[in-house]
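Letters A, B, C and D mark the chains in the order given here, with residues in each chain numbered from 1 onward.
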Amino acid sequence: MVTPCSGSQPWPPSFSRSPASGLLIAAVAAFFAWFGVSIIVLADGRRGLAVGLAVSAAGLAAIAWQDGDGVAALIVLGGGAAAAVLRYRAGPGGWMLMPPGSTARLILCVAGGLVGLWFAASVTIGPDVATRFAVLSVIGMSGARIVSSREPSSVVTAVATLALATAVATHLGAGSAGLAPYVAAALIAAGALLVPVRVANVP
Amino acid sequence: MIQILSALGADSLALVVYPGLVSLLVFGGLVEITWGRLAHGWWNLSELPRRRPTPVAATVAICSVLAAVQTAAPYNPVPTEERSVVLAAIALAFTVWAELALTVEHVPEPGILLVVEFCWLLAVLGPAVQPESLRPQVLGNVLVPALLPVKVASGLLYLLCLPALLRVWPLSPPADRRSRQRFDIARALSWFSYCGLFTTLFVPPAPDGWEALLRFFGITFGVAALMVVVGLVMDRRGPALARGLYTRAMPPFALLVLLLVIGTSFIVR
Amino acid sequence: MPSLAVLAPIVIPLVAAAVITAFGLARVDLGRIACAFGAWGSVAALLVVWLSVRSTQQLHLGPLGFGSSLLLRIDAVGFAFGLIVTVPAAVLLSLQPRTWQEATVAIVGVAAAVTAVEAGGVVLTALAGGTAATLAVVQLDTEDVKAPRPSWGVLLGAWLALSWAGVIFEVGAGTDGFSAVPVASLTVPVFALIAVAALGASGLFPWRSWPSQLWSRPSLRAAGMSVATLYPLGFYLLVREYEFGDGRYPQPALNVVLAGLGVAVALGAAIRAQGAANRREFLGEVIPGFGGFALMTIALGTPLGLVAGLLSLATAGALTACLALLPDRSGLPSLVAIAAAVGLPPGLAFGARVLGLESTFEAGNSIGLIGLAGAATWVVWVAAAARAVGLPAGRGHAVAETFPRIALAIAAATIVAGPALAAFQSSFADPAQGEVMTGSAAGSVAGGLVTVETVSTVLPALTLFIPLVAMAVLVYAFAATAPVRGQARPALFTMPGRETSARLWAAIRAARLPEQYRSVVDLRAIEPAAAGGHAVLWLAALAALVFAVTR
Amino acid sequence: MSPDLATCLPLLIAGAATLGLAVAMSPARVSRRTLLARGGTGLAGLIAIAAAPSLDLLVLSLLVLAVLHAALPGKRDFASRLQMPVVAVVLVAVALLFVRVQGPEMLQRFAAVGLAAGLAACVGLLPYIHVLEPEDTAVVSPTVWIGFVGPVAATAILIRVRGLLSPDAGTDLGAILIGLGLVNMLWGTLAAWRAEDSTRAWHYSFMADWGLALCGFGLTVADGQAAALLILVSIVFGRLPLYLASRQALRENQSADRPINLMVAAVLAGSAPFAGFAARVLLLRGATQMYWPLALVLVAGMLLWLPVSLRLGRTLGQPRGRQALGVGIVIAANAVVGLYPLPLLALGGR
């Protein structure tokens, strides 16, 4: 398959580490990804959404880095950070974390994490357990957030994480998809927050 | 070309003279006058029609002539292989209904008449189903024991239908009830075709000769006479008898004939 | 003759349509001139292409993309049906006034019908026939949207069924060409599919179908054209089925069933005709009546039957033009038209029907019983016609679209042409019969220009009918005129069980779903649920699909 | 040109042609510049989807289009209009995940389910029907997905997914597509026939056509794929422009029974000689090769188009001027494609 970055060499980590620490880093990164998207699910205010997006992007970037593609990790991190900054500057004020009636969201976060973990560790086999967990939980939960929310800021934030997770998922493919998906996802993540969305749509 | 012209001449002769139009008029005229005399008690030339024939009579003439040349009348110029019972049957079917074109009042009981005509068609064409031949004289010649029941039953059915088709039954049309019976030229033109077709289909033909001629016309006149007698009897007994006969007795008998035809055609096959 | 000439009968009407449209858009209505040019041009092209070589000519223009190729051919069958379609259409297009839009649709419809009979394969025939059907419906609705017209669904269904039969041939035998499909490919189900398509395309049903309903329209311009172009196509398919089966249908029982259906169609029309309230109603049943007799004889599977059927169809074609031009008033034209329609001797219709009945008796295997029923049906027709002469005229269509003299001429011609029956048979019908009944079912109707020889008899059409015609002319000329009393006349009989069936049908139509179950099938109630964007529905559907694939 | 792009080329050309027609036919009160800008963006998105080298990029392109489309001003709010496309993206993304990971065979089958469901959600087919607001302009309404983006997206996804699924999962995907196709065919025709609102009727009629297209995709033979392509082309350059042409008449509640309305009805009904008929013939070929009773069901189902089409044809009113010319062009193009579909199919690599 011809891609803009076909043949690009992954940027190798500049320091060595043991497999155990590698697993630990991957697990922490996956946790961050899930935790970030959980914050996005639970928060309605711009601070909460921005933090959730940043945390989730960091987790996904770490996973990409852990998977051996540093450039991709930087792109994901950049895209996520830019999106988080943009979100921080616009949207409903404050954190608005777990506003009244958030029980269902909380259950979604826990259930999403557990299902993701079950799928990544029990149902499927092979390496990249953390990637599978992160990708599935982020995609699923951000999708659920978009479907269940009517507030544009949280929806757009979830779209950004969804894009980043979709890009990170390409690592699981047999052939290298190059950097194109990461670049596209980063642009989407940042661009989605720039799209002018009228809160009250008019015909 | 010569063959065509000779065939044309022969067929023209058959249509116009014998057994065509002239024969029809002579035979039918005699029988019709007899019928008029016996049934209605008139008999003088003044009763004969003076006016030109109506288009109805013209139509009846054309169809009767076409049917007449299909009969096995001795010395018939139309070759035997060129005659067809289907042609005769359908041509005659037109004669019954021609008058309906003018007004309904000229046709008595059209519904019953239609049933009678169905039965008559069964009597004419039923015997042709199994032999798979349509030559009238071939059907007349059929003496195979297995086919005789159908032939006899069809012959009886034919005779049962004739009084109605020749309208010598007492179910007279409304128009005739108003005035005295007159010479019915349409019926006169039909006598020979109907009776001659019976002779053709149900009596084995004889080779052409004076005997055959006498035999054919004897039987044909006999059938006509029988119809006159039946007509007179019906006339005396009143319309109820005729209506009962054609609504209650004849259809079941026709059904029986049909079953015989079907059964025979399957068994003999 | 270059093979490209095969295109001429199709292209000429299309060119005419293009010219009519171009001028029409420029606000110039070419009226009947261009129509006549296109339609008669098609007739002339057919005559020239066929008569110049008298053998099959074909043109192959490569694949079309849906499995069959653009193969056009003019053989004896195509020629016969081409004339049956184009001649009456040409008469109507040349005489009746039309707007340029109507004229364009009508002439393109003629081209489509000709393509259907020229097509070398089943799928192409289905495509062209479907086009002709579509254009007929457009024509009819454009003329009068409230007037009766064929059910578009039935027509489309018929042509879809034929295209399915075509693709079955393509998949099974690798070709759908009429002359190339192996005999073994014509299985009973495929035959049935084509037969159903044929019956649906021509509305060959015992009940009142579109060919009779169309004549009750206020105007008979589109009706005449639709019957002229669509009605013969179903019969065309039934004739071609002999070519698939090497001259026979896959099972003799199919011949009997179809022939029986033919009698039922003719009888149904006859029963309706004898109860018609006015003359227009009676005339509306004439073409279905002819169709029934034609179906009866074509389906017999004998050369004589096929020939008789083709002659019946040709006569029906002529009468289609006649009836569409006939004014709704009493007089000589109506009288002669009725006489021609009912088959008064020695007309073409009379000869064709007599041959048809004879073919049933000579077919053997007790099929003569069908002939018996056919004869009885004809008798009903005779009675109905006699009754119809004195019926009220019925709803009159515009004087501008009626041509009594032409109608009279056409009707009289079909009667006076009786003596030419043998000539028609040998030059028009015999080659078509020889085209489809080859090989194992080889055989043909002997005779020539003078006689038609059947198995057991000979019909001396020329030598017997010429003097009969002469006699008829003399006798009618001598006969006095008789006043025909126009009056409402009672039906000769009513169909037994008619009320019962009507009540049953009414009960079926009145049947309603019980109130408590209506919500289950009430689309308007289901619609909001389905289109409301409910996540529960999405998840349920997903779960259902997952469940389905894990079974 | 990559074979994947070539497969979508007829649809891209049809889309461009439809956009051109829409701009040309649009009434004066609608700003042509705006229409061209929005349509051009959509067309660019289509090209991106068709040219995307991998499914991931295709999914991301869909996400971009979804966000941009949802951001357009309309009666319904941003979030609710984004819902269904996002469901599609999520389903396809998860399906891709299932395809890629190592695990039990069942995962491949779930992937097939995800792809089929994602496809339905992307286009807006039963059971993932996009919520329609009849008052919305066509550019903002879900018609964009079902009539403009959907055909290219569905073709691109199904072409790319071919090599990814295991044979069994591929068979399952085909079966699911046929099942969804039949359901949508039935629902689309009946709902379009019975719907009170004509705009909804039009929307459902798209679904009916999609039913046939899904059946074509589900038949894993060349004829089925060719049929699907023809049907999609007839949607993009048949049903869609005709719907756009009818918008004004719909607003003004006009109705007419002129020849042009009947011709439009014939085009919509897939009657001969229009593209729909050729597509149906190909579909019957494919079904006959695979499983003939399906062909029987299809023939019966195809007759359901007529009442709907007659209704929709009338809603076109009496087009005049440029609109009449545009409708004429659509009818003529459909007739040409119906009579001689070979070049189009060759262009699509069929």
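Everything that follows uses one rule, which is that a residue touches a chain if its C-beta (ideal position, glycine included) is under 8 Å from a C-beta of that chain, and two chains touch if they have at least 3 such contacts.
Predicted model, so just to flag it, every value in this text is computed and none were measured.
**Q** Between chain A and chain C, what's the gap in Å when you average each chain's C-alpha atoms?
**A** About 70 Å, centre to centre.
**Q** Quick one: report the Å distance separating chain B from chain D, using the average Cα coordinate of each chain.
**A** The computed centroid separation for chain B versus chain D comes out at 73 Å.
**Q** Could you tell me the distance, in whole angstrom, between the mean C-alpha positions of chain B and chain C?
**A** Distance between chain centres, rounded to whole Å: 36 Å.
**Q** Using mean CA coordinates as chain centres, what's the gap between chain A and chain B in Å?
**A** 103
**Q** Going by the contact rule already set, what residues in chain A reach two or more other chains?
**A** Within chain A, residues 147 contact more than one other chain.
**Q** Take each protein chain as a node, join two nodes whenever their chains touch, and name the resulting shape: line, ring, star, complete or other.
**A** Topology of touching chains reads as a line.
**Q** State which pairs of chains touch, listing all of them.
**A** A-D, B-C, C-D
**Q** Could you list, by residue number, the parts of chain D that touch chain A in their complex?
**A** Counting only chain D, the residues touching chain A are 2, 53-54, 56-57, 59-61, 63-64, 67-68, 70-71, 73-80, 82-83, 86-87, 89-90, 93-94, 96-97, 100-104, 107, 135-136.
**Q** What residues of chain C sit close enough to touch chain D in their complex?
**A** These residues of chain C touch chain D: 63-67, 101, 105, 112, 123, 126-131, 133-134, 137-138, 141-142, 145, 152-153, 156-157, 159-161, 163-164, 166-168, 170-171, 523-524, 527, 530-533, 537-538, 540-542, 545-546, 548-550.
**Q** Write out the stretch or stretches of chain C touching chain B in their complex.
**A** Its residues touching chain B are 343-346, 350, 353-354, 357-358, 361-362, 364-366, 368-369, 371-372, 375-376, 378-380, 382-383, 385-387, 389-390, 450-451, 454-460, 462-464, 466-468, 471-472, 475-476, 478-485, 487, 489-490, 492-493.
**Q** Quick one: in the complex, what on chain A touches chain D?
**A** 1-3, 123-126, 132, 135-136, 139-140, 142-143, 146-147, 149-152, 155-156, 159, 162-163, 165-167, 169-170, 172-174, 177, 180-181, 184-185, 188, 191-192, 195-198, 200-203
**Q** Flag every residue of chain B that touches chain C in the complex, lowest number first.
**A** Against chain C, chain B makes touches at 4, 7-8, 10-12, 15-16, 21, 51-59, 61-63, 65-66, 69, 78-79, 81-84, 86-87, 89-91, 93-94, 96-104, 110-111, 114, 117-118, 121-122, 125-126, 128-130, 132-135, 138, 261-262, 265-266, 269.
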